[in-house]
Structure formats: C-alpha cells, structure tokens
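This report concerns only the one structure given below.
Order as written gives the chain letters A, B and C; numbering starts at 1 within each chain.
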C-alpha cells in the first residue's frame, strides 16, 4: 500500500509526524510488515530521533547549522550554487548528511520503534514549505 | 519474518554482528528477498563498513569523536541537552549522521554484501549498553 | 526481483544513474512496490539529490572534500589507515556519512521521485573504479 502525507514546515527544525504515520498504518491494517518512508525533496530529510527532551531536537538543528553555515558566511565563500538564497546549498548538504528514506518493521499493526524514538521531518530551508512524504507498507 | 537481536556494547566503537545476521537469515530460509535492519535507539546506529583492516573502524570512531566532541569541551559549549552526561547529545548527533535502518538484498539465502563489507552496530555512548536491532526479512 | 548494475567512475563526483534504474524498472514490469538500491562497496555511496543545477553536485563534492580532507593534509595526521593512499580512509568516512542503501516507492511502474530528485552514485576514491549497485524490486 502506498499513501502520501503532506507536511507544512516553518523554517529549519525537526517536525514530529509519528502520529500521522501511526494513523496511516491503522488505516492500512497490516499486522506484520515493513513500513518505508520516502521524502520527495532534496532540501529536507528524514530522521528518527529522541522524542523526550525537545532540547535534543534544538541541539540537532543547531549542530547542523554550525556544521553547514549559510553561504553568506565567510567560511562558505567557496559555494557556487547561490541563486536560490544563502540557505539553499546548505539545505542540500544537510539532506545529504541525513536520510531520504527510512524503513521501520511493523508488528501487531504498529511500528517497532524504541521507547524514545519518534519520526521526524527535518526541514533545512528558511521559508515555509509544503513537503511530501510517501509511505510504502509492504509484507 | 521479524526477529530481534540483542547486542552488548562497551563504549564507543563499531561492533561487527554480520555473523549474527547470517545466522538469523539461515533460520529464516528465505532464498531471495530483502533484509532490513532497524536499531531501536537514538544514541547508537548502523553502518556497513570495511571488514578487513581494524584500523578503518578505529579511524571512523575517531573521526566522529573529533567532529562531535563531548559537551564538556569548549567547542560544544552551546549544547543545551547535558543532563544525561557529556557523551549523550554527541551520541544523538552521531546517530543522526549515520543510519537507523539499512536494507540488504538477499540471494541464495545470503546477504549480497560486497567482499569487504561487514554489518556494524555503531555505539556512541560511553557506558555499556544492551542494544536491540530488529531484522525484517521480506520477499 | 534482483538485478545488478555496474557503473564506471572516474574520481570523486556524483554520477547520475537514474536512467539506468528506470530501465531496470521497466524490464521488471512492477506496477506498485518498493525499489531498494544497495551499493556493494565501502568507499562509494548512494545519494538522492537535485538533478537541475550541476553546481549543486559540485558543491556537495567540495563540501565533503573539505569536511574530510585527504590524509596527507595536516588536519588528518591522526589517521592510522593510510596503506591504500591518502584518499582511502576519507572515502570510508564519506561513505559512512551518506548512504549504502536507499528505498524508493514505485507507482504505475515508475519511481515516486520528486520533480528535482535524481539517483546518484557518490564516488569517493581518486582512481577509476567499477562499482556494483544491486537493485531489489519487491511488492
């Protein structure tokens, strides 16, 4: 089964959409199988990360901002692809450093996430975006 | 088919568990299909890496330690999530930079790994941990 | 269905092989399912990235070259695994930071890529190499 979720983002941050995926799984009524998520963009990405302390999410975002600064900062002066703004090429790099697809085993109709795991869309662009994540649920 | 492996770790390092996965595959008796591994934690991760020279594993570990130092080092003074120790937030970051899930095609009952590829759990926490890796074997 | 593509590379760069994957999908005649790609090497990797501006690919390559310099540069003096040349250990690290496997949902016989997404082999070694990418196409 394939279904597509649309997620609205408002700047660089990790957006928890675990509940949206759980809802889609419920509708699919698959007892056991494999769920695969796929983000249809190259300037946002997917991560499974801690769902307990929101500081973890803020720190993750900050780490990537420091590792890959905007291209109007001196250390990024070598970047060629600047036509779409100083956040664009860093967004592609951050997407390359994280995930475009993720697979999660499903048992008894639910994802086999660990106790502290949530499913996140990692937005890397500054402006609001509508993002599509495709869900494939297989046997 | 779904099965869960438990792996004991003793500090930051890459732990080869290729043999454990091979054993689980043998029991599953799947001639052709897709094996997916999923780690149920956000401070350890998965990697497929070279199985020949142990220096490669040590160097990988060292690279990540330098890229993401413990939070009691000056360069990481900006980190907020410090309550679980100086190795905790770096562990989440290193997990984000590597893999939570991995998929490997299976043919004639064995993983189609290259000659130099092994399957590793990458532990990012300092203290010993018991880690769970879920295996899904599909058609 | 499992098939293997062989790709020739000529030094560090992102090599677009979206068309090769599309051809293999056509032959498989799978209307709906999941395509998984797996690279059988630890010094090259997979990425889904922007297929529009070639500067994005050049900048990605340059970012990784700066993040993980060759081991004959001073900042990499700590590396132990040097026997296969100054580009070898950095190649393993860059592969660890990107993907060994990728999964893409398939609908109406085609990959559900976004408008700007292409499928790339990311070569990290300096010399020419022949690389194998296994494709698994499941239900």
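Basically, a residue touches a chain if its C-beta (ideal position, glycine included) is under 8 Å from a C-beta of that chain, and two chains touch if they have at least 3 such contacts.
All values reported here derive from a predicted model rather than from experimental measurement.
Colleague: For the two copies subunit B and subunit C, what is the rotation angle that overlays their Cα atoms, in steps of 5 degrees?
Modeller: 120
Colleague: Counting shared numbers against all numbers at the contact of subunit A and subunit B, is it over half, same, or under half, different?
Modeller: Looking at both copies, the contact residues mostly diverge.
Colleague: Counting only Cα atoms for the centres, state how far subunit A is from subunit B in Å.
Modeller: Comparing mean C-alpha positions, subunit B is 20 Å from subunit A.
Colleague: For subunit A, which residues are shared contacts with two or more other chains?
Modeller: 67, 97, 99, 103, 138-139
Colleague: Looking at the complex, which residues from subunit A come into contact with subunit C?
Modeller: Where subunit A meets subunit C, its residues are 2, 36, 38, 40-42, 67-68, 78-81, 83, 89, 92-93, 95-97, 99-101, 103, 132, 134-136, 138-139.
Colleague: Tell me, which parts of subunit B touch subunit C in their complex?
Modeller: Touching subunit C from subunit B are residues 32-34, 47-50, 53, 55-56, 58-60, 62-63, 66-67, 97-99, 102-105, 107, 112-114, 116-117, 138-139.
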